[in-house]
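As written, the chains take the letters A, B, C and D, and residue 1 is the first residue of each chain.
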Amino acid sequence: MTVLIDSDTRVVVQGITGREGSFHTRAMLNYGTKILAGVTPGKGGTVVEGVPVYDNVMEAVRKHQELNTSIIFVPSRFAADAVYEAIDAGLDLIVVITEGIPVHETMRFVRYARLSGVTIIGPNCPGVISPEVSKVGIMPGHVFSKGRVGIVSRSGTLTYEIAYAMTKAGIGQSTSIGIGGDPVPGTSFIDALEMFREDEETVAVILIGEIGGDMEERAARYIIEQDYEKPVVAYIAGRTAPPGKRMGHAGAIISMGVGDATSKIKALKEAGVEVAELPSQIPELLKKVLKKAGR
Amino acid sequence: MKLYEYEARNIFTRFGIPVPRFKTVSTPEGAREAAEEIAGRVVIKAQVLVAGRGKAGGVKLADNPDEAYGYAKQMLGSEIKGEKVNKIIVSRAVDIDRELYLSIIIDRSIGAPVILASPEGGVDIEELARTKPEKILRIVVDPIIGIRDYQARQAARFLELSEPALKKAQEIIINLYRVFDYYNCELAEINPLALTPEGGLEAIDAKVILDDNALYKYPEFSSELVRDLTYYEAEAKKMNFSYVELDGNIGILCNGAGLTMATMDSVYVLGGRPANFLDIGGGARADLVERAVSLLLQHPKTEVVFINILGGITRCDEVANGIVRALEKTGAMKKIVVRLKGTNEEEGRRILEENRMYVLEEMDEAARKAVELGGRR
Amino acid sequence: MKLYEYEARNIFTRFGIPVPRFKTVSTPEGAREAAEEIAGRVVIKAQVLVAGRGKAGGVKLADNPDEAYGYAKQMLGSEIKGEKVNKIIVSRAVDIDRELYLSIIIDRSIGAPVILASPEGGVDIEELARTKPEKILRIVVDPIIGIRDYQARQAARFLELSEPALKKAQEIIINLYRVFDYYNCELAEINPLALTPEGGLEAIDAKVILDDNALYKYPEFSSELVRDLTYYEAEAKKMNFSYVELDGNIGILCNGAGLTMATMDSVYVLGGRPANFLDIGGGARADLVERAVSLLLQHPKTEVVFINILGGITRCDEVANGIVRALEKTGAMKKIVVRLKGTNEEEGRRILEENRMYVLEEMDEAARKAVELGGRR
Amino acid sequence: MTVLIDSDTRVVVQGITGREGSFHTRAMLNYGTKILAGVTPGKGGTVVEGVPVYDNVMEAVRKHQELNTSIIFVPSRFAADAVYEAIDAGLDLIVVITEGIPVHETMRFVRYARLSGVTIIGPNCPGVISPEVSKVGIMPGHVFSKGRVGIVSRSGTLTYEIAYAMTKAGIGQSTSIGIGGDPVPGTSFIDALEMFREDEETVAVILIGEIGGDMEERAARYIIEQDYEKPVVAYIAGRTAPPGKRMGHAGAIISMGVGDATSKIKALKEAGVEVAELPSQIPELLKKVLKKAGR
């Protein structure tokens, strides 16, 4: 079993005719992802990488009733609209790759999705991959390998870095979820921890956090309160970041006294989470906790 | 983007939030005229974006136009916490019975706007949150519904006011939310909101922070996008890079915020000193990479440039081409450590190796090399 | 409340929906001047609220100002389907390639706004719905989210347009929704929306119906609330009664719309002829009941007044007091049948009986009595 | 068992200090309804009919955690706000008595309530009564009697009329639901039919419709498609109403060719529903269908 995506995942790519959309459509197809349709308004009837393109999502869903997942590459000014379109078309999972969406718009569509029972990953995220099963995202597939460790991360490239280190060390992943670097993500650490909790294949979870907000602290509290059964290993980026400066991600900022790495690392350690100092230490920490847990 | 007080005050006025009468001026003469026009005591306030201007001498009470002239002359052109004062406001001095606090912020963990209200304003809200949390009311607003009257009423009531101030406070909260909503604010704050002896309410200070991602909706601010930035910060902003200056000598250039932070942290953990944080973001092409690398090569404090790329949406070949071109064009002789991995990495490595650059595969290894070249702390 | 075409056109113009240039006038001279100013061929349109004015001679094409004067003279002061023409508009005549249809309505069963679009406009939409349902696109809008661009795009595409008209249609749909939303409309309709030979779009007719319950939000229309009503309709409206004139001789006065309808139906089923429908609503007090009863007592066509009250939020004693006072004040000698039941019914019956009125207990029994007094069909 | 309200129903009255609010609070208390709190902004701390008044619903809920139902008497301009307050305070059932709420506002709070899993009865309705158990409404309690027939109605007084006729004929009611006379009701005929379907105590349903909209036709279709097991008897008001005229209720209008009584009666008859000509005929029709159903 995997989390969020599996062999039944059928994908529509919104913004398929753009540069990133078409490039990653090919990459996903090569990885084995089942992409049935693409959408770009005004480009209906064309074909991209062998995938038929429609003018709107509703039409794509009418033609391909198995569609259940969307990945969005639409530019930031039009991305919120694309999300509503995907929600209204009845899809179950929407992965929003787009960076730079105004957070007021994100708040609204995330809330709307939640009320509508739709899962949103992102925005400003690399997507989701279940190695050797499906990839709905922009991550380089070859750094991941099939296995039993779940990853949830606020960062893209840093996740590839850590997945690569794991893969080299022979530790595969069940599913890797990039929840994105925006201040308001559609799916939080806690949401992801819950998914991994219920996934029988996953035996441990890696949590890749960073400065800004208090999602890591909340995850730590959740781990304590819920008596989380699976071992968790974490890495927190930005421990040398100065306060008040936005470190690349819209969400990565220590502001109003909230969000520094020290507080997050402390909270996680108090919840029994092993926290790595360097990304390259993750594999050994994982081996340690798995051994301790008798796996 | 943080707005200057005078900009925030102008917005407040347009949205029906009472603000003491004021003028924005950039000369001492202007300050004198403004004080004459307003009549009575005025407050001279330096227009800077740094926090804590009051304690740094940026706020003065003037009894007459001559005093206003004097303070304006002192402030204009001076620096407050490193920020040059180009403008000041001359504002009618308000009699204050009590100071209140009101703001609308985005609560990241809930993913919704939150109204914060306190009957004890005029102080640092974070400090108040620590010392008297019971004095702060938090009301979550549903982002797709917007503020409801009952919420504004509840927040106003918490300010310990009686009529007619209670009703006015309710209106101010609604209007503050309208500002927050209309301008896509991260924060819209009135601290303090003054209760006058006559039972009136006035926003003594005005703080508004806009979401940079939504700035395109407000062309009136777009020309002001580059505010008090260093040359390097301004250049980086133009190209949409995330760039932060640090104290060390090793320039950090990566793709992706998390990786850049982790690279910066790793250099530090391994004993080096990062000179900056430069995230070229996802999918940068050769020309952008060239400009990013050039920026670091030109930076005087940077002795070593450490480029750490893990390609997903970014392609290693584009990065490699950009590096090569930056070196060719700047002709800089600084040391460069490159680590490439991911999409099109073979092609990227080939390009760099053809240009006699040494490419490392592991991040730790590369970070150690950069620290070695830059020297330990 | 249905707006006049000129009112709807003014709103459309303000919300960026293209409308042919026009003037609203109330004299033939005004029409001539308007035609001169607009230049070229113009359309003279009678401003009435009844449907089907075109076939009734309320729309004329004038080639020159003199013709405009002539038609205006004909129309102004005349009656169209019983409605007097007080105003006309003089509107630039538009060359039309094709007529389209656009509207936003409230779908009652879904409880949401619905966009209706058809490439075949200019005809009755209900007729089109029967004959060519495949030519109408329906898009449901989430009322708490509002219209989304993708929906406007989809609706525009259905109109079978090519660029640049396609883009314009999308904007018109968004703006029509803004009208619908801002004015709390039950209906905002453009029929036809003309596609001109140059690829432009213009709203040839404009129909807007406002929700009476929301009218208080638009003081600009409140003075116009009473439009082409009979004296009795206008009086009833002032007092917030629901009042409809019918053809018979038995006045029906009840509390609650359902009961009033059922009473009206019952009178009819039992062989009588209702003269009107008057619902005093819930919770009416004696003074309002007095005015309602007086209205029916004064109505020339009403020979019998049948009052059927079942008290819930309405109290029978208040009703009884109102009836007694109306009889005292009007001094009318018309026959009254009263049926009282529910809240405070004993008190109500006592008051009426003290005033020598006979009160029945059963609705059928009372209806039969009213029919008997009023005479069978 | 009953529908919507039962012996666990605990009520807060919004707008309790107004004329109607206080009058019907007393009437409901007299009927035995458990009213724990009232709300009127600015009147917190006072007492109406022995019921403590609070400034807002949240405070009332904090003080009386058993609260699960609200009845709203707030004037139309403030009623929508009161509904949101009740939804946000976490109540399960909200009965909106207020007439004259703009339909755009109703559309929004009805949608919001549905997304939030809250049931709204009304607006512009008489409320709900389960005879001898609880009454959350403004109906005169004494015309109702305990029994096994469910009533759902768009009208207030007409319902009392029919309930009175039933009571006189010895036929009691399980629950009577007044869904209200507005164009967009929070609960529809179909919703109510579904509730009665699942209620074991209810053996038959009376549907009191009127002109306007197509809710009756939809109910007829539902009865056919779902093979509705319980007998349904209907009365439709407004068969002699002229088209284009609003007959008292905001929703009672034959417009754009939709909503006349003939179409409704026809649809119901085709669904096997007995339709009465006069309200007084309901009891005999009921006896007939119950006998036929062997009850």
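Throughout what follows, a residue touches a chain if its C-beta (ideal position, glycine included) is under 8 Å from a C-beta of that chain, and two chains touch if they have at least 3 such contacts.
Just so it is clear, the structure is predicted and the values come from calculations on it, not from any experiment.
Participant: Identify the chains adjacent to both subunit C and subunit D in the sense defined at the top.
Facilitator: Chains in contact with subunit C as well as subunit D: A, B.
Participant: Trace the shortest chain of touching neighbours from subunit A to subunit D and give its length in steps.
Facilitator: The least step count works out to 1.
Participant: Determine the centre-to-centre distance between subunit A and subunit B, using the mean Cα coordinates as centres, and give it in whole Å.
Facilitator: Chain centres of subunit A and subunit B, defined by C-alpha means, are spaced 27 Å apart.
Participant: Taking each chain's centre as the mean position of its Cα atoms, how many Å separate subunit A from subunit C?
Facilitator: 53
Participant: Taking each chain's centre as the mean position of its Cα atoms, how many Å separate subunit B from subunit C?
Facilitator: Roughly 54 Å, centre to centre.
Participant: Residues of subunit D touching 2+ other chains?
Facilitator: 108, 112, 115 - these are the residues of subunit D that touch more than one other chain.
Participant: Scan subunit B for residues touching two or more other chains and write them down.
Facilitator: Residue numbers touching two or more other chains: 142, 144-145.
Participant: So how do the chains connect up here, line, ring, star, complete, or something else (other)?
Facilitator: Graph shape here is complete: every pair of chains touches.
Participant: In the complex, go through subunit D and note every residue touching subunit C.
Facilitator: For subunit D paired with subunit C, touching residues are 19-20, 23-24, 27, 76-77, 97, 99-108, 110-112, 115, 126, 138-140, 143, 153-161, 164, 181, 183-184, 188, 208, 210-215, 218, 235, 237-242, 245-252, 256-257, 277-280.
Participant: Help me check something: in the complex, which residues belonging to subunit B touch subunit A?
Facilitator: Residues 106, 108-109, 111-113, 125-126, 142-144, 181, 184, 186, 211-214, 216-217, 242, 244, 246, 254-262, 264-266, 268-270, 274, 277, 279, 281-283, 309-314, 341-343, 362-364.
Participant: Applying the document's contact rule, which stretches of subunit D touch subunit A when the two form their complex?
Facilitator: Contact set of subunit D toward subunit A: 115-116.
Participant: Where on subunit B is subunit D touching in the complex?
Facilitator: 142, 145, 148-150, 153-154, 157
Participant: Show me the residue ranges of subunit C that touch subunit B in the complex, using the header's touch definition.
Facilitator: Listed in rising order, the residues are 144-145.
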